[in-house]
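Look at the two complexes coming up: subunit A is in both, with subunit B in one and subunit C in the other.
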Partner chain A sequence: MVYLMKRFNAKLFFSFSNCQSVFLSGLLLMLAISTVTVSGAAMARDIPPDPLNSIMWTSMAERFMPEGEIVFDDRVKVMAPFSAEDQFHVPVTVDASQLDNVEKIIIVADLNPIPLVMNMRPVKALSYIGFRLKLQQTSPIHVGVKTTDGVWHVGYAVIDAAGGGCTAPAAAHGNADWMRTLGQTRAIASRTDNSSARMTMRMRHPMDTGLAVGIPAFYLNELEVKNSAGELVASLELFEPVSENPTFTLRPQVGIEADTLSVSTRDTEGNLVDFALSIPAASDS
Partner chain B sequence: MRRKHTLLAAASTIAMGVAGLSGSVQALDVSIEEIMNDQASGDDIVSYGLGPRGQRYSPLDTLNKDNIKNLYPVWSFSFGGEKQRGQESQPLIKDGVMYVTGSYSRMWAIDIKSGEELWQYDARLPEGILPCCDVVNRGAAILGDKVYFGTLDAKMVALDAKTGKVVWRKTIGDYEAGYSYTAAPLIVPTDAHGPLIVTGNSGGEFGVVGAVEARHPDTGELVWSRPTIEGHMGTLNGEESTMTGTRNESWPGDMWENGGGATWLGGTYDPDTKLAYFGTGNPAPWNSYLRPGDNKWTSSRIAINPENGEVEWAFQSTPHDGWDYDGVNEFISFDMEKDGEVIQAGATADRNGFFYVLDRTNGEFISANPFVQNITWAKGIDENGRPIWDPENRPGNPAESADGKQGKAIFAVPSFLGGKNWMPMAYSQNTKNFYIPSNEWGMDIWNEPVTYKKGAAYLGAGFTIKPIFDDYIGSLKAMDPATGQVKWEYKNKAPLWGGVLTTAGGLVMTGTPEGYLKAFDDETGEELWKFQTGTGIVSSPITWEQDGEQYVAIVTGWGGAVPLWGGEVAKVVSYLNQGGSVWVFKIPEGLASR
Partner chain C sequence: MSRRLHSPTTRLSAAPLSRSRRKALQWFALGCGCAMCGSVNARLLDFDLQAVEIASKTWAVLGRSEGFEQDNGGNIVNVAFIEAPDGVIVIDTGPSKRYGDALRQLIEKTIPGKPILRVYNTHHHPDHFLGNQSFDASVIAAPQKVIDNIALEGNDMTDNLYRLLGDWMRGTLPVAPTLSMDADKENVGGKQFSLYYLSGHTSSDFVIRDDDTGVVFSGDLAFLYRAPTTPHADIAVWHQSLDTLKNIDKSLLLPGHGPHDKKGEAIEQTKDYIDWLHGSISESVSQGLTMNEAMLLPIPKRFQGLGVVRDEYVRSVVHLYPSLEDELFPVIEINQ
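== the complex of A and B ==
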């Protein structure tokens, strides 16, 4: 009975919030296929079955990993609690640092009303991201890591959760003057070894999903890290399921010299928050 | 019949295919020239007021006095949610898309053919906003590939017109000090900086300082600012420019520091004189005994050179105001024929009940005539444009009362909501008349002591509104600006709170709080057509042409200042229901010629 209920809910959410974008990506897919046929290359791909048996897996793969071969790969490690004690702040760590030539990392919570959590591009960073997300209900988490050869390497976890993480108002709204602290950030960076560092940040932001009654969507949607040479270290495109007061851990690649990381963020209202983090030289640490 | 249907469908598919193709190749790109020529082009509306002069006159004549009886709704779009309240917005139209703002700082893009939403932007407002007079918005501006509007927390937002995503967002004022923003932004051309987006501010009831500010449309970066109150410094290119007036010339002590003069209704621009005209609000506080002097430039019209933000001229309609007679009402440029001469004139119907005509090149006074009845606060306007006060009808000084707590109450006409409030009038190039949405009401008003406190109401007055006549308050009047004669009048039971549109087809259109959108004969005032929208109308109608058909649109939703401040008037309006929609009308195919 419970299983059936969940299944029904999931379908409902799917058709409700996402039919338009599904339709669009469907169109794109058709275009892509017809082009491929003309050039005589391989036909439509097979989407491998999901080890978690998620009823949403095929549509998640079609929407968020639209082209290229899909393989389940143990090198994409998704670390998450078995059961979420707080469905508003569920800690998840993705480590795909054993994979080379990573282009982007897509994180999806299949049964959230808004499934896409983030799209990360590690340019001069390890394929590693720690963060927290909101869960509406028990859900599989799928992480697609696309390498430059066009292959999606997929890892997964399942998190048990009580309901309501995405449709309840943010805790900040208990305070009438929450906007005064908007964007306040704590961050720290340290050197791990001769070639990498670790940075963690936490920003005050309600990360409103737009699904709580009377509260429009309002969330941090862009985060970019650059090094002192101005090179892009990593860029993150963020979506509504990222938790309130979002927390991120990244692992930038650095040289042995001291470096300064510039972090810039922007939310959906155009609020900008920028700050810098220094990494000591290898000889100093 | 069936066969004809199929053929039509096939034809429209082809047309859509072509339109879709050109749409995807050409990004939206509204030029400053299009905005300046907006009045002449009937196929779009890219400015507030149907052209920079704000005449609200459309050259379209497909819809006329004979066929308006066939005007029917095409679609209605709901603003949704629980956030209804007053809807005072005028939509913009470009390339088959309507851009319309609503209460609580929201905006929508709607496909005009289908009435379907393309996107919605919902500003995330803080809890502590301080709008004095309902959570309204009056409209957007459009330039290049962006649409612009101001929010209740005193921010200016630029949105990508295709997606509704925020491009930039800048602060106009501190919302915790009482600043907010409700007017439609104005776009003006300059030689020095290119097109600029020019805004005023709101918050006159909280002792803010009125200002006009110009920003770069691409970045939101401030180019110049011009405070309206004597003694404050303006800025140009990030540096102090000049002081407005001379400090303490018409203000005592430090009262100028929180002097009011909010430019809360935005402005107009005249491409002939190359001046931007802004009106300024009441002085703060309302108790006039605390600020002896003329209190410049409150309750005034100021003409600003958009190249540098300097004041070219100013005209004060109510010096030393003691009745909350804001001077914000729109200043409409028009060419007036009088005694065989053509005068570069401008006209404005003031809160204080007088209709002023000025020389728009230099601000010189030409004439002032009452447009509401039984005005008591002044006996008239002298030959220099200065009111002849009636000392009996200025509320008394509380300092002269026995306990010092309340001055003598008097009855003044018009009321503080004005002979005319924010709702814009229209000027017909057809009849050479102005069509003024006005109200016949007065008030009991008395003064109290008050001191300034950040974020608190700064009034020092108490008041209650009373109708003057038993059977009506609202009054739409046709006025000849050359003679000051009222040509015709339409009386409405509830106060009128919506703007007016007039067309080359001989129509005058406005909405009523009772929910009707109405059309009148521009020569006689005869009511030709009405449609019940289901909630009160407090916004300004528009008309445009698309695919060879003339459309009309009106935003509906009862609210605004009347139900909040209405006094005895509340009885007339308390039964009116809220709403939040935009209605679009046209004449069904084949009926235009009947």
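== the complex of A and C ==
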């Protein structure tokens, strides 16, 4: 019943906001006709209603997709299970590789106490990221993919979950020795075809959210991949909801020659971990 | 419908306890798995349990080959009871107090006036022991490891079943067995049982053989026409335990889920499935597929007849991926 009420309210809210926006757009049009430059257009943009009716959607859009048109777009594929088997490690794969000119990808879990999960910039990589996140409760996931024309293309999923993913201590804290393996990394990389590769890495890190009693926030917050020419392949800005022992799958774009990818990471305590991954030449694979 | 989440007090558990707590939180049921989208059910919450006589003075109560759902109230598990000269022996007690009470009534109806002398719990999964409350705790027996697992994870598993099954769970509390078993044989009420201490489906799987009838109660080491579950599985150990189980002389096997089996199908099917599962998921990990990509892969035709196989496969991807990543990805030299 409570859930239905929420949906109902959300619908009311959206219809209200639509009316308001139509009114404001009309007003702006009039202003534009009277030769005033439309510098305030961003404030008056029409945030489309969320197909999931998330009660937090407008807030998420305003906070994390602050400027530019927003469109829901099927080309932003968000793969997630209906139900989180493990609320500490909920697998999500985002594939927006059908979109061209992608500038950045932001991922939010609307109902997490800390909603922002990641901000990824695929530069010489497919607009694709596989990762795992913690969920505090059943939540919509919204993925905003910003293209260079300033438009946010949004995809979504909803994941049912048992409670507590963000506020329980990391498993690492069950072991007094956890710091000895901090930063230990396992990874594989392989060539997919003449122009792309796939790398998966898993690093030991507690990814403390700061919301478990007595344990301050401590998480990997930067990850950068470069190719052997020193060009940026992708950069990831990471936040508290990324799962413990963060695991990422990326699809770098490579030439037909062998290449070596340099991965560099930094956590919130300034610990730096760098490593290299080889991609074989197209003729060798 | 209430959605009961974990109480704030359990969330404050101290760090050293966190691992077990997390493990328990991970024990998440399948299917739609969301109480909020289940249909509102106006009918009485009644299991209508039936006893099937599978051998002389041996009855099975067969659950549906499904996951935990509001529609089945958690009646997805097999339990059994046996009449001995002096009383009754019960094997597993079902998912809730409501089920346990219904089971007691069914036993009383089937074998009137005989005392319950022994209740065995095969392992610590909630569908197998949460009916314990309906029985005298002093006769409930299991290996010490099962008792420990219930002590560690019982509360959180119970909370999760409340979340999934709602009112079906009313009044249910986890009750651990009080008798720690380690003997190879036990005589109860004039009947002899052989006891086997195996593992693999969980860290402790207790197998009971009735030495009079030769019926073997395998718990969840064996499934039949219902996909095996893996939240606490060690596949290699499970495989070995199935070999052991195969070599136990038996007239009949009652699997934890699915029909009773005279032909040895349950052991073979379970072994085939877990071996495929391990091989398939290892292959996905080696290819660098994400869990989501692995979840979409086809399941071989020979497993299509297993109940809820897609749901269980998807769950197993989540259960088995992390340890296989640690096993199959090489450690990379890092600069710190």
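Everything below uses one rule, namely that the second predicted complex is superposed on the first by the 243 of 285 C-alpha atoms of A that agree within 3 Å, B and C clash if a C-alpha of one lies under 4 Å from a C-alpha of the other, contacts with A are read in each partner's own complex, and residues count from 1 in each chain.
As a convention for this text, a contact is a pair of C-beta atoms (placed from the backbone, for glycine too) under 8 Å apart; a residue touches a chain by one contact, two chains touch by 3 or more.
Here the structure is a predicted model, which is why all the values come from computation and not from measurement.
Look at subunit A after the overlay: subunit B and subunit C fit there side by side. Once the two complexes are overlaid on the shared chain, A:91 sits against subunit C while remaining clear of subunit B. Contacts of A:186 after superposition on the shared chain: subunit C is touched, whereas subunit B is not.
Within the superposed three-chain model, A:271 lies in touch with subunit B and with subunit C [touch as defined at top].
If you count the residues of subunit A touched by subunit B and by subunit C, you find the higher number for C. Of the two partner chains placed by the overlay, only subunit C lies in contact with A:138; subunit B stays clear of it.
By the touch criterion stated above, A:208 is placed in contact with subunit B alone, subunit C being left untouched. By the document's definition of touching, of the two partners only subunit B reaches A:218; subunit C does not.
Looking at the shared chain after the overlay, A:177 reaches subunit B, while subunit C stays out of its contact range. Here the smallest spacing between CA atoms of subunit B and those of subunit C, following superposition, is 11 Å. In the superposition on chain A, subunit A positions 214, 271 are in contact with subunit B in one complex as well as with subunit C in the other. On the side of subunit A, the complex with subunit C involves touching residues 3, 79-89, 91-93, 130, 132, 137-138, 160, 162-164, 167-171, 173-175, 183-190, 198-202, 213-215, 245, 247, 249, 271-277.
Against subunit B, in their complex, subunit A makes its touches with residues 176-179, 208, 210, 214, 216-218, 268-271.
For subunit C in complex with subunit A, the residues that touch the partner chain are 5-6, 11-13, 15-19, 21-22, 25-26, 28, 30-34, 36, 160, 163, 231, 286-293, 295-296, 314-315, 317-319, 321-322, 325-326, 328-336.
Here subunit B touches subunit A in the complex through residues 81-83, 122-124, 126-128, 157, 165-169, going by the rule given at the top.
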